[in-house]
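Input: one structure, supplied below.
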Amino acid sequence: MNKNRLEAFSDGVIAIIITIMVLELKVPHEPEFSALVEKLPTFLSYVVSFIYVGIYWNNHHHLLHTSKRVNGAILWANLHLLFWLSLLPFATGWMGENHFAPATTAFYGIILLFAALAFNILQIKIIKEHGKEESTLAKAVGSGIKEKISLSCYFVGIPLSYFVNQWFGIALFVLPAFMWFIPDRRIEREIMKEDE
Amino acid sequence: MNKNRLEAFSDGVIAIIITIMVLELKVPHEPEFSALVEKLPTFLSYVVSFIYVGIYWNNHHHLLHTSKRVNGAILWANLHLLFWLSLLPFATGWMGENHFAPATTAFYGIILLFAALAFNILQIKIIKEHGKEESTLAKAVGSGIKEKISLSCYFVGIPLSYFVNQWFGIALFVLPAFMWFIPDRRIEREIMKEDE
Amino acid sequence: MNKNRLEAFSDGVIAIIITIMVLELKVPHEPEFSALVEKLPTFLSYVVSFIYVGIYWNNHHHLLHTSKRVNGAILWANLHLLFWLSLLPFATGWMGENHFAPATTAFYGIILLFAALAFNILQIKIIKEHGKEESTLAKAVGSGIKEKISLSCYFVGIPLSYFVNQWFGIALFVLPAFMWFIPDRRIEREIMKEDE
Amino acid sequence: MNKNRLEAFSDGVIAIIITIMVLELKVPHEPEFSALVEKLPTFLSYVVSFIYVGIYWNNHHHLLHTSKRVNGAILWANLHLLFWLSLLPFATGWMGENHFAPATTAFYGIILLFAALAFNILQIKIIKEHGKEESTLAKAVGSGIKEKISLSCYFVGIPLSYFVNQWFGIALFVLPAFMWFIPDRRIEREIMKEDE
């Protein structure tokens, strides 16, 4: 299995996900600005998801960049990640249409959680294939502090959204986005070290 | 006709199929988890189809990898395969929305059957173009035992779904997925032999 | 402007067109085979359009293969062709849903006609850029007999569909598909001559 | 981050945007030409948007062509541009379905305005990364007269559409399209100078 083809296929799927998400933003029938105001929650949820998919695309590229070989396990770990990302338009639409109702916000967090777990599994599979010693990725990830914070945010945010107040959950779901917004410096640093 | 362009186009179509399938998972209007429970059959059918498309993408890559030349027959055999795969979102949505009703499950099997036949035709056309003697693929496929088992599963599963019980059919439709889950080792083995 | 990028972009758009067309095949609500029978005209129109888009993809590749340079006119002639092809899902859905009603069949022919004209314009622009003398394409197309027959079929088929009987029109719309089914041999022959 | 991958991803997203826009052109139920007449405004808005996306694709290519390096800021400026372009199908559908009602036309202009601003930001980020002295783009853009005219058209057209008459607005929104229709000659000229 060719790494480039895996990358191209993933890019294709991610490009489609980020674009069809806008189809959940249904065109209102009334030709007044007030009709748009009702769409505001759907729009906001679209913005958050757009940024999240952008982050995943970006970090996915960094992840695969460190990978020299691709095996069956990496291939399916990658499809597994794409699977959870493909559910993001659904979760986004449900949350937006229902104005961030508790259950829909919690569900959005669940999808984010599974996508994050899938990303971690993919990371583990790539490290395993290359051996912990020689893996650029293993050195870059280190103790995985960013991964642990993100997962904690989702773990805490999901019950908080449902049982306490959804806005606490949303705050916790947006937090990791800020943290990952900048492409993973750790990986870039390790790649540059390798090149020296 | 360039092999790379055939591959890139197929990848594009498969990436779109795997992603638009999620559009059949319509966003429920009620903001309660109970609304998601109703979506469970659609979700499950989506999972099965996602895995199936993933398998086809994967094996399609292996198939074309063995191909050195592309002619008109291969080109149309490839489009023929994409045609049946493109009907998978429709079949998935119908089966999921109707909670695996017998007719819908049988129809899902019919689409899987035609996709499998199309894959076999593509295999035959590639072997024919390269000559049985020099074809890596011909040696890899051998007696085609995996192909025969898959086709048998679909052939038996379709009437079983409709006339007896759909769950027998579903079991028979999921079986080949397990068998093909791991990329075709036979082809990998032959490619490696060639390289030696 | 890079030829490869024009090709890749066109491939992307064509891959999406051929795939979203299936979205017009709406999932029926009844879980019976009889519900599929009602979908038969939509399915048939989907088959015809799938083959047509496949033919355009194929011949588009041949066309660009002969092109060494790309200028602004070629770029827009190419987008113009993609524009008419992008209306094919709409025309297909309208014709299929209305069981080949005269007006819808005539409209389908109109879209085919404009796509064919756009293809001819693209051909002319490529020949012009390369100069009639040195153009591989100009020699390959020659008197353009296949183009003339296709256009005539559409020109005759459109009024026939609307004023006489839509089945005459459909026969005339399917005819060029048979003629173009095999990738343009004339171009292949000229490319091979060049290579000698 | 690789420039080619940024380009390929952007191409993918733009190809999807230009194609899913046609999904807003809903298939009418009546099989008469009169049903198409009602679709005319939606069709016209589709034509304008198709041309706009074509222009952006074209100029986006020119823009990235001048770029030698890609950093995080360029990456997000690029996603920011894609974000506003992804809202074009929504704005197009709303304007078309409501027959160019004032609010919908003004909103269409707002999306065009934000897309144009995003394009300018991307330009600035690319120039900044390469340093004003050595930047091909900085020399090409010069005083940015075309950018200033476009932005002015949108700025004036938006209130005009809403408070006076939407057709003034539409005229002002179509004007920049004519101006940008031809790929940015300034950039081409500078690239050629560099090559000398």
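For reference, chains read A, B, C and D in written order, and residue numbers begin at 1 within each chain.
Convention: a contact is a pair of C-beta atoms (placed from the backbone, for glycine too) under 8 Å apart; a residue touches a chain by one contact, two chains touch by 3 or more.
Remember, predicted model here, so these are calculated numbers, not experimental data.
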{"item": "Least step count from chain B to chain D, where 1 means the two chains touch", "value": "2"}
{"item": "Chain D and chain A - chains in contact with each", "value": "none"}
{"item": "Euclidean distance of C-alpha centroids - chain A vs chain C, Å", "value": "38"}
{"item": "Inter-chain centre distance, chain B versus chain C - centres from mean C-alpha coordinates, in Å", "value": "27"}
{"item": "Two or more partner chains touched - positions in chain A", "value": "8, 12, 16, 20, 23"}
{"item": "Graph class of chain-chain contacts, one of line, ring, star, complete, other", "value": "ring"}
{"item": "Touching residues (chain side chain D, partner chain A) in the complex", "value": "1-2, 5, 8-9, 12-13, 16-17, 20, 23-24, 72, 75-76, 79, 82-83, 86-87, 89-90, 93-94, 97-98, 101-104, 107"}
{"item": "Chain D partner contacts - residues on chain A that touch it in the complex", "value": "7-8, 11-12, 14-16, 18-20, 22-23, 25, 27-29, 31-33, 36, 47, 50, 54, 57-58, 61, 181-183"}
